[in-house]
Every structure is written in C-alpha cells, then in structure tokens.
Amino acid sequence: MTQANTAQDAPLLEVNNIEVIYNSVILVLKGVSLTVSKGGITALLGGNGAGKTTTLKAISNLVHSERGEVTKGSILYHGERVQDLAPSELVKRGVVQVMEGRHCFEHLTVEENLMTGAYTRRDGRGAVEADLDMVYTYFPRLKERRKSQAGYTSGGEQQMCAIGRALMSRPETILLDEPSMGLAPQLVEEIFGIVRSLNEEQGVSFLLAEQNTNVALRYAHRGYILEAGRVVMEGAAADLRENPDVKEFYLGVSDEGRKSFRDTRSYRRRKRWLS
Amino acid sequence: MIYREAGQYRTSYLDDGQTFPIRLDRWAHWLLIAVAVLVVPFIINDYWANAILLPFLIYAIAALGLNILTGYCGQVSLGTGGFMAVGAYACYKLMTSFPDISIAIHVVLAGLITAIVGILFGLPSLRIKGFYLAVATLAAQFFLVWLFNRVPWFYNYSASGQISAPERTIFGLPVTGPETSAAVTYLFCLAFVLASAWICRNLTRGALGRKWMAIRDMDIAAEIIGVNPLHAKLTAFGVSSFFVGIAGALFFSVYLGAVEVGEAFGINKSFLVLFMIIIGGLGSILGSFLGAAFMVLLPVFLKNVLTGGLGWPTDLAAHLEFMIVGGLIVFFLIVEPHGLAQLWRLLKEKLRLWPFPH
Amino acid sequence: MLDVATDPGADQGRITGETLLDLRNITLRFGGVEAIKNISFDIREGEIRAIIGPNGAGKSSMLNVISGFYVPQEGEVWFNGSRRPPMKPYEVARQGIARTFQNIALFQGMTVLDNVMTGRLNAMNAGTMSQALWFGKARREEVENREKVERVIDILEIQHIRKVPVGRLPYGLKKRVELARALAAEPHLLLLDEPMAGMNVEEKEDMSRFILDVNDELGTTIALIEHDMGVVMDLSDRVVVMDYGRKIGDGSPDEVRNNQEVIDAYLGVSHD
Amino acid sequence: ELTFPSLSYRTGPYAANGIPFADGYADYFTLLNERDGGIGGEMINMIECETGYNTEKGVECYESTKGEGALVYQPLSTGITYQLIPRVTADGIPLHTLGYGRTSAANGKVFEWVFNYPATYWDGASVAIKYLLDENGGDLSGKKIALVYHNSAYGKEPIRTLTELSGQHGFDLLELPVDHPGQEQRSTWVQVRQQRPDYVLMWGWGVMNQVAIQEAVNIRFPMENFIGIWWSGSENDVKPAGDGANGYKALNFHAPGADFAIYDDLKTHVYDAGKAAGAGDQMGTVLYNRGLYAAMIAAEGARKAQEIHGVSAITPAQMRDGLEQLAIDEARMEELGLGGFGPTFESSCASHGGSGRVAVNQWNAADGKWEVLTDYIQSDQELIGRLVEEDSVAYAEENGIEMRCQ
Amino acid sequence: MPDQVLFAIEVMLNGLMAGVLYALVALGFVLIFKASGIFNYAQGVMALFAALTLVGIMEGQVPFEHLINVVFGTEIHGFGWTVPALLAIILTMVVMVIFAWLVNKLVLRHLVNQEPIILFMATIGLAYFLEGLGDMMWGSDIKALDVGLPQGLNTWIDETTFNLFGYGFYIDNLDISAAIIAALLVAGLVVFSQYTKQGRALRAVADDHQAALSVGISLNYIWVLTWSIAGFVALVAGIMWGAKSGVQFSLSLIALKALPVLMLGGFTSIPGAIVGGLIIGVGEKLFEFLVGPLVGGATENWFAYVLALIFLVFRPQGLFGERLIERV
C-alpha cells in the first residue's frame, strides 16, 4: 500500500445495493454495495455460495447470459450507469472479467486464446505482440504449450491462459474470480505479484473474489466479506486481517497460531456475526 | 396457499421418491386419469378420437420413447420415423400371419422387434457422439424406409405397396379396421399410453435412469465412476425403440389403418417427434405429453380458429399457422429454454412461494 | 462417525498396511508431449498419499492412468497384488476405485441426491424388467442404497440441498457433492483431484475432517492431489512430488518439505 | 344444401399443383351457385380443408367435414385415399379419386363407395404403349422403354401393367426409381444416356417432374420420346426447363386450355364478379381444368342422384347411386359448355373405373401451352380388366368383403 | 477402354459435380455452426427464401400480394417491371442481411449461453416461421429461375472425350459454374475464418458464449455477420438448385442432401464441406451405378448416410472436424 494510496480515494466502480435474481425465482444477492477505488485492489471474500461470482458477473453484465437479472440498485463505472451495457461494451471501456472455472476456448490453441483477448484493441499489431510477449514472460509455461489446444492443457495451464487472455485487452479494471484456484503455491504468489505490479506500475484496478484469504488480504487494499448474499463486513485489508473472526474462519489461525487441519473437530461452528 | 409442500411429511425413502411429492399434484393427476378413463369415452365422437386424441396419444408414446433416448440418455436420434415403421410393419406381418392372437399382444411384440432393430442401429453410438450420431440414426431412417418400400414380403406382395390393417377385435369390440368405434380405439391407445408412461417413470427414477442421465450429462465421468457406456446406451436404444415401435404399430393399425412407408414414416416424422420432446422438455415425462399436445393440437386449433372462426382462405390460414407455430416455438424457448415442462415446474415453484416472492 | 478422537501426532507417518496399488515405470505420452516419464510409486493400504507438483506436472494424468482413462505407453499397474490387465475405466471402478475430478464432473441435469446415487450404480443390478415394473428387487435395492447414500449425505452435511439440481450450486458445494458421490461407492481406493480448490479455510477444515474420517473409519485408502501445502502436510502420510512428468521426491511430509529440489520446483519459499 | 368438401393442399411440397386444382374445383361450384342457383335448386356448400398433402391432416379434414353431410370426397392424394377407403366404406360416403388412388377400386363389386373414373394408372400405362405402338407401325419388339418413376406406391403402379405389355409386345422395360423428393437425379439420367432407351415414360410428382425434364433437356434426350403420366403433365412441370422442354408429351384424360364455352360463363359469373378462388390466376391450366372436371363429375353425380331419387337434398348413399349410374356423353358435355373436354364414359354398379380412354398432349414451349396431340385412345380393357379383377378380389378376401352387383 | 469403365468414370465425374452442389448447401450449415455452435435447421428454408426473394424481385412481384388482395379486396398483380439479375441479387442480399439482423435481435440474443440443442430448436421455430412467411410473401407456385448461367451438356467436354474414348462424357454446364463458385467461396471463407481476427472470434464464440462475452466479443455483431454470410451462401445454393428444378417449396429439402456431407466433412470445417460433398457425391453415384441395379435402385438417399457412417466410425469428428475434447 505505497504509491497506490494516493489515487485510492476516487471511486472507480460503485455498486449500490444491488439485488440479483436468477430465473426470476432464486434471489442470490440481497443488497450488496461496494466500491472499487481507482488504482486499488479490492478483495471480495466469503464462503461458498456467498455470491462473489454473482457480484462480479453482475458488474460485467454476464448475469444476463445465465438468465439472471439485477433487479434493484445500480452499478456505476466512472460515475456512469453501466448495468444496461452489453458485456462487450464494458470491455471496450476497460472492464474485463476473468471467469471462475477457467472458461478457455477449448478448440483454440493457447496462443489463439490469448489473441482473442485483444479482440477489442485498436492499437495495432505491434502493441498486441508486445503484450503477448509480456504474458509469456509472466507465464513461461504457456509459451511452451502455445500451440496446443487449450482443452488439452492441465487445469493450472488453463487458469494461466484465462488470466493471460484478460491481460491482453489492456484493461483498466480487472474482475478476477478466484485466480489462485488450482495453482501451485509458487505460482499463486507469482500471480499476486503480477497483480501488484500491474496495479502499481500501470494503475490497473482490481476487484478480486478469492478464497485464499490469506494471500488476498496480503495484497489487497480493501476487503469486503460476503455471506449469503449480503456484505457482512468491510474495511481496510490490514484491519480485516486483525479481526479475530476473520482470523479464525478465513485465515485458519487462532490465538495459538496456525491450527493443523487435523485438529478441527466439530463440523458446525457459529460465526459470531451470524448469530 | 394450498399449493404447499410444507406440512406434508414423508416417512420412508420410497415415499420420498414418489412421482408427485406434493399432495395437490397427486390428486390432480388421479383426477385427470379418472376423467380420461371414465368420462372421456362417453362423450367422445369420431372427430375427437380420430383427428385429435388418437394422434395425441400415439405421438405421446413415441415422444416418451424418444425422450428416453435423447432426453434421458442424450443420444440424438433422427431415426424415429424409421423405427415407427418397423413397429408398423412388424405389427402388420404379425396381424396377418397370426390372425387369432390378440392385437394387444401383436402391438407389444412389434415393440420388442423394434427394440432389437433399435439396438442394432444403436451400436455406432459407442464411437459417434453428439450431432454426429444423428448420421447413424438417419442411416437407419432412410435404409428402413427404403427396405420396406423395396421388399414386397413386408407388404405381403400387395399391388399397391401399402399395408392396411385387417379388422381385429379385443373383447369382441373391433379396434382396427373400418368398423371401430371412437371410444374403443381411444381406450385401447389410452391403455398403452398409461402403461408406457408408468414404465418410463419407473425406469427413469431407478438405477437404469441414473445410468442414462449420467451418460447424457458427462459420458466420460460416468464411465470412470463405473457406468458401462455400451450397456447404458444400448438399453436406452432398446427401451426407446420399444416404445417408438409400439407407437408405430398403433399409428398404423389403430389410427390410420393403412400406410405407405415413405409417406407416413418419412424423415419428417423423425423431426416432428424430436420437436415434440425438445419443446415439451428433454428428460421429462410430462414434457413428452406437453410436446405432443403442442405439436398435434396447436395446428388443429389454429386451423379451426383461422378458417373456421375467422373465415380466412385456407392457404393464408395455413401459412399463418406455420408462422404462429414457429413464432410460438421461439417464444417459449426464450421464456424457458428447457421446454414446457420446465416452464410448468417454474410456475409451480413460483406458486409455492406465492404470495411472498422471496 | 462424528467426532472420533484421533491423536494427530501419532497419526502422522503411521505404519500402514500392504501395498495396495503399485505403479511401475509408467510413461505416458500425448503425441509429442511426454506427460509422465517413467514414474514408479506405490500406495499402501489405509494410507493417505498425496501427489503434489507444479501445474502441468502430470498429476491429474497420473490419476487418469490409475482409473484406467489413460493407457500408459509403458509401465505396469499392480493392484491388490496382481498385475492389472488393460481395462475399461468402468471395470476399474468396479474393482473399488472411486474418484473426484479436478474440473468438476457432476451430472448437471440431475439433483444432488441423484448424483450421489450414481455412486451406487455398481451395487444395483436389478433387471430391466424389475425396474420397469418397479417391483421386487429394483424397489428393494432402491431403498437399501438410498439408506447408504443418506448416510453419506449426512456425513458431508448436504442434506439441505438434496433436491437441488447441481447446476445451481456454488463451486465449493459442488466439490462436496462430488466427494459424496465417490464415497457412496464405498471404494477401496479413493482418488481426490484437488478436492479443496476454491474453498476457504473454514471449508477446507471441514473437508479435511471428512477425508480423515473416511480414512479412519472406513479404512479407505486415499490418493490426494492438492496445492494447499497446509492441507497436504497435515493430512498425508506420504507424499510424491512430480515435476514435468518426473518424480522428484517421495517420502514423509517432513522429508519432502525439506527436499531442496522440491523447494526449487514447487514450494518456492518453505511453508510451515 | 349440398355439401362438397374439398380436401386441398395450397401449402407444402406440392402446393404448386394443389392450388390450381383446388381453384378449379371451387370455381365450378361457384359457377353453379351463381348461374343456376346450385344443383336442382339446392345451393352448393363447398368446404375447403387444407391437407398440405399430409395423410394425418387429411384424416382430420375428413373427420371434421363428414358430419356436415358431405356427399363425395376428392382427397387428391394417394396416401389419403388409402386412409379413406375403409372409413368411407364404414361411414357410407362416396369417394372419388380422379385418375389416382387405388386402381383396382375400379371394380365396383368390391369397392362400393369408391370411384376412380374416367381412367386409371393402368389405363395410362396401356395407352402410352398403344400410342408408341402406333408411332412404330404396331411393332415395339426390340425397343427399349425406360420407366422413370417416383419410388412409392404411386410410382410403382404401372410396373405390373408394363411388365405384362413388354411380354406381349417384346420391348425391354428399364425401371429407374427416383427417391422422394427427387431433386437429384443425375445418376438416373446418366443411366438413361448410357442405356439409350428409345422412349422414356415417367410417373413423377412434384419437384421430381421438373428436375427430370430439365435433366432430359440437359442430356438432349429427344423430348418427343418422353411421355409423362397426367400428374407429370402440367405447366408447372415444363416451364422451369424453358424452351428445352418443347415437345415433351404427357397423357391426359381431359383437355387443357380455356377454349370452352364454360369459360365464358365462368368469366361473367365468377371471375368478373370477384368470386374466383385463390389468386384467380390459374384459368385454363391443366390442373385447373382437372379441378373443374372433378367438380363437374361430382355435380353431375348429384344431379343424377336427384333424378333417380326424386329428392333435391340427397344423402351420401343417394349420391353413390348417382355416381354409379353416371353417363357422361358428348351431348351432355356440350350442354355443360365442355364439348370435347373429356372422354365419354358410363359407370355402373360393377364398373367404377370409366372407359379408360386417355389422350396424349404435347407441350408447345413457344406458345407456352399444352396442345392436344391425339384423340382419346382406348386402353387394353381386356388386360386391365383382368389385373383389376385379380387385385380387387384379393382385397375382398383379405377384408371379408362380399361381392355385390351379382 | 471397355464401356463399363467409361460409364463408371462418367458416373464418377457427375458424382463429383453433384457433390459440389451438396457442399454448397453444407457450407451454410458449417458457417453458422462454426460461429455459434448452432446446428441451423433453417438453412434449407433460408435457401428457399433467398431464391424466392430473388425471383420475386427479378419479376417485380409485390410481396404479400395475395394477402393484400384478400384483405383489401384489391387486384394487385406485380409492379409490372423486371429487375436485372445482378441488381436483384444485391437487393436479395440486403434482404438476407436484414433477416440476419432480425434473427439476432428477436431470437439469438435471448438465447445466449444455452445448450446447442436449444439453439437447434430455436432454428426449427425459425424454419417454420420462414416457411410460412416465404409462401405468404411470394406465393407457392413454381417459379423458373434464370440468372443467365449456362445450363445443359457441355459440348466441349462431350466432343473432346468422344474423340478420345469414342464416348462423350456428360457434364452439365451449370455444375461447372457451381464448382467454380464453390471453389471461390470456400477459399474466401477459409481465409476469413482461419486468418482473420473476426474468424478467430467466430470460433471462440462457438466454444463458449460466456467466455467470448467476457473478452469483449460482441455476440450480436458476430451473429449478424455470420448469419448474413450464411444467407449469402444460402442464396448461392438457392440459385444453383433453383436453376435445376425451379424455385419451389421442395428447394428447402436440399438440406437433407447436405446432412451426410456435413457429418462426413465435420460440422466445423469449411474444406470438409467440399471434400465431404465430393466423397458423398461420388460414393452414392457409384454405388447406385454398380450395386443399385442388383437391389432395385433408389439407394442414394440411404447410401449417403451409410457412407458417412462408415467414415465416422473411424473418425468420430468427421474428416476435418475439430477433435472432440475428451478430458476429465
């Protein structure tokens, strides 16, 4: 949290009290509000089914393609209402999402996958090639596999491919859905390293939904905790890390230091804020 | 407020697996069957039987059959017409070779013969998947039609090349041939429909049904957790063809009385039944009925409204009918891509939440 | 099965049984890519065996070899003391090997209950006729197996979503349902491919508990791929480390943790 | 009121052929209503019902109209005919299949309710050969005749007759089936080109006709040696091939064109009154005339029935009597404004098949119209009688029908 | 050379030509499948509609003439002008683009991210609609279509081969033009789909609608584009087949001839459509020539499928289709 602090106050993306309903019957988000400040890294935390993915999809407008709808509230980007824009329009404005669960184009080669990321760009071949090289330096493994069909690469390789693809559009804001999932520990650190350097060097803002709370809170500036479709806690990342509940339930450390996974005894425990 | 699950407890696993978990549904279902069996036969006339109910019932059986294969097991088939033809010709050969045996038995045997043919043409499904599999079933479709047209033995060497159903009775009442009464043919087909629906329901709620659905949803994973794809696919082909064969036999013997293979069982029939199950809902027994109703009843209804009611010239009415049917298909898909059955289910889900939407 | 006291210290590195599965000199190639290069290791009866390694190292491919989905070009698989002849995956499953998948492979169109019931398909063999008429064996089997499945559902705490189509579930729950499906088969050997990806610590703790319980109570042997080192180190008895298709380490968690090659290729900084 | 249903097809694959027929059928009845106030004082109520050439819709049409006192059905499709034969027999409603349907229904002893005059497919086959015999000075031995046919019950109809005839006259018969719908016939015509038959006969329908004629033009098969059955002989079939089709021949049992007195009446009472059916642009085409002709026979049957039974509002059973005692002679046709329009024929209890007299027409591409080439030629009644007898007796036995008219 | 061999060669050549014509229809399917994973059942009807529109424009027909006459009691029969072929083709193309736009706007947009079978169903609805609309707009009579392409036996080939073998081969001029046009189309489309950005986007869309949206590909744009191109291909197919048989309802049934071609070549491969067409064309003609007479003929319909089936058993994704990704 060094240089980024300076620009952090201007809100870039505002989500005000949105509700999302799938199939017009399943209410998933029950009033979620959050802001992503310009040049900030914002983490969205929460258990399975809390609605992180749905929030990101609501922002990028992909909920429509899952028969979901934002029924209440508003989403503002640069102060402008964006919830009725087509997803491609949003990408043009610089918001790109890395979807949960890889979603590579299976039949395209890794390199073609990356090139589709540059679909909306108009700044010429050279710039695109340069970025391709940049992605390859971030993920050397991709370079090795660049001619194979993405469908036949390993889980982690697909994850890198999806992230690389998003980088290719030179976004202003990236919505990252569980980037660390299925990646080797070393690579997780690397990816967050990339996030930080993009953020600091190029001013890219991030909204990242992440289960790996530990790492996420280490890199983020701000965090929101979502439970059952509601924001239950928010604050600066550093503060959250100190919160005893967060510590116990999200970081897996209790007062005595890190617990062994063998030590967990009971299945049902209550979170204090949910009583 | 009546439509609720709450307060209805189930005490055994069998209870839990029953077809209609909600009491109101169950009652509605029995009421419907009671009306179909006890009331309709007394008020039915030739028009309702021959023009509306018979085709509806018979197509419902065919749709059930195809739904097993395509809806439950995920194998796209465009050979329904050909398999119906097998049922029809098998039934014809049986009827004429063993005139003393009950027609009901002939129909079932025709189903079994079709099942064997179906299994045979199902063999390529082991290697060929998705839309590509359609080629195997299309080969069946065209080959079977060609065969029945080409080999005179199948139509008993009649000069016309058509097969026509001689009169056969059940309990002394004619069910085939010219002298049938509306109520008898209706009840005969209804009996087959009810039995088919019940059997389909049983098959799809048990182990076999789960095998099929596993293959449909993800065949590789299914194989890895222990489903033998050969067995699952071929049983689906067999069971499916069995019902389709029965539908074909009834279609020929009870409904039309005389058919020519190319005309009655052409590729259009395959498409028609496929449309029924997609519109009605893949992998849904109710969907088979809804789809059959949609594709059989809607055109008749539109025609009666447009020419009978509004007095349009028949050609404009027919064109408009096409446009409306097409438009409605698209409309329903947009409202609910998973077919009428799913639409119905969602409606009920909403009803259950009513009056508090969330 | 709940709350069984286990002494964590004693568990680690415990003596386990006979060799259950032995992989000998496995080599697997896809066209030009050599995904597995001459790897051998064994899994003993009753142990929790972890397989770790960087992305694309060939871990999932290894599981696929074990479950018969990939046929290695070279090498032998010994199971239960005898060499396994070439087999179809479903035959392997019938020998008592169940698994979960890295990219969730649930049956999207079915409810949770039905999905878990598919785990019991191999135990259900009523004839088509009996099933069609829902009479006799089919009916009996359904109830018996349903009971077993309900136990698994109870253990994994997914009762409340029993009737929900799996397509609607969030990622983490899907993983749990997959585990339930594999468990329902009452396998001898359970293969888990990143069962805890996409879970937060709390959920991982739950999952760990489930895995330990299964291992303790039912004596199920478990092979586990996981990228969370905490989990791997805490749960497993022995660890194999793969890198670029090669085996670079094999031993107790402690041994592996301190192996320099492993640190370089995979762990980066050493994890506690 | 006299009810005549018209099971037409103005949509579907054969719409182009169904429309003119339905128009002609309708216009004739309109004319009778407008000019004469119906038949024998009873107005005509024509109910049109769209079948789309689909058997199931045909059944629906039949069931929905039969309750309205329908006097005679003209189903206009072989498939629907076969459905309806048992049904009309049970319901006691006459069925007229004008030059199509089940040939052996010509035997009224077996098929009480079915009429297929004035000519059948077997008559057609016989006349075609007779005509060719004529052209060749009475000798066809050593000649090769190809039959290009729609691979269906309809297309296979003439084979039996032609086989008999080839035995009699010593010509070779080459059978060339074309599968429905018949858009691609290259291999058929390459074979024609290789085998060099002297003549080609065609039993085609729908798009098959157009493609066959186009292909024949392409391979430069002499058009005058190419003869189609009456369902392969409309303007629709030849026009797409343009000038190349000039000289193509087709059988017909009525005349083409609008040079008949009745057209004057139609013009004043129907067209100019804005009462023409359909788009009103089909006058004088072959199929329009055929519709007209079918309606004329139905009307004459009704008239006859009224005469026999002395009532004006006849029942279907009385209509049957009328149709069964129908006698169309020159004088009557002249009266109707249709002098020379069709062959004369008489029917009786035993004979429902007409006189079996058929003419050959030829297409004149330059003028864009069909020309009558020959008189009505009598078919080989002895041979056809025998074949009809065989087939209908088999049907009677199979269905336990007792012979009537004994 | 013995006669039988010469005949067989002639049959084969004609099979090749027929294959090209099948391929023309199959191409339309391939395009849409490639760009959206949709099996477009309406392709055949689109060919019919395009051809009807072309003839209608050329002959100055008033759209919905019959309907207007019935509703308003008027007596309209055409504008009374004719339009030159080239201009009519351009105007028809405009109509097809509008059609593509409407399809996207009214149908596809609402079905993003649905399974293939559902999109397939939507195209069935479309086919029904278009079938009714086409007839209502332009009438159901058979229309001769002549855009000036030569038709009939090619004399040059006939004479040359006659001089060589003593037997002149029959090759239809129309088929030769079709072959040339098909070659051009295929070359163009291959370049478009393999080597351009839009082509890549097209294939991406077919793989995963959501992911395509997420990288900023506008499905609307891609779909209007491909449906327009498919409309163009349909028009070409309509012209070729229409010239053979007149423009009429049955034209929509040519789709059935394209199906085995499509499956054999692979749903996603443009060159596959051509190669598949050639194999099917030659295969079915030769089979009919050699075996047909023994079994009573008319074998072409089913043999095409059996042939495709045989190939598929060895290559389940078709000759050139993309390999099915089978992984867990």
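The letters A, B, C, D and E name the chains in turn, as written, and every chain counts its residues from 1.
To be clear about the criterion, a contact is a pair of C-beta atoms (placed from the backbone, for glycine too) under 8 Å apart; a residue touches a chain by one contact, two chains touch by 3 or more.
Bear in mind the structure is a predicted one, so any value in this text is a computation, not a measurement.
For the pair chain C and chain D, chains touching both partners: B, E.
Steps from chain C to chain E, taking the shortest chain of touch contacts, total 1. Farthest from chain C in terms of Cα centroid separation is D. When every chain is reduced to the mean of its CA atoms, the largest separation from chain A belongs to D. Computed centre separation for the pair chain B/chain D is 37 angstrom, with centres defined by C-alpha atoms. Mean C-alpha position of chain A lies 48 Å from that of chain B. Taking each chain's centre as the average of its CA atoms, chain B and chain E sit 32 Å apart.
Between chain A and chain C the centroid-to-centroid distance comes to 29 Å (mean Cα coordinates, whole Å). In chain A, the positions touching at least two other chains are 152.
Along chain B, residues 146, 220-221, 224, 313, 315, 318-319, 322 each make contact with two or more other chains. Residues of chain C in contact with two or more other chains: 69, 101-103, 105. Contact between chains, using the touch rule, shows up for A-B, A-C, A-E, B-C, B-D, B-E, C-E, D-E.
Within the complex, the chain B residues that touch chain E are 76, 124, 127-132, 134-136, 138-139, 141-143, 145-146, 150, 220-221, 224, 267, 271, 275, 278-279, 282, 312-313, 315-316, 318-330, 333-334, 337-338.
For chain B in complex with chain A, the residues that touch the partner chain are 346, 349-350, 353, 357-358. Listed in rising order, the residues of chain A touching chain B in the complex are 21, 23-25, 27. Remark: chain E residues 39, 66-67, 70, 106-107, 110-111, 114-118, 120-122, 124-133, 135-136, 140, 256, 259-260, 263-264, 267, 295-296, 298-299, 301-302, 305-306, 308-309, 312-313, 316-318, 321, 324, 326-328 touch chain B in the complex. By the touch criterion stated above, chain E contacts chain D in their complex at residues 3, 7, 10-11, 14-15, 17-18, 21, 65-66, 69, 73, 77, 135, 139-146, 151-153, 170, 172, 241, 244-246, 248-251, 253-254, 257, 284-285, 288-289, 292, 296-298, 300-301.
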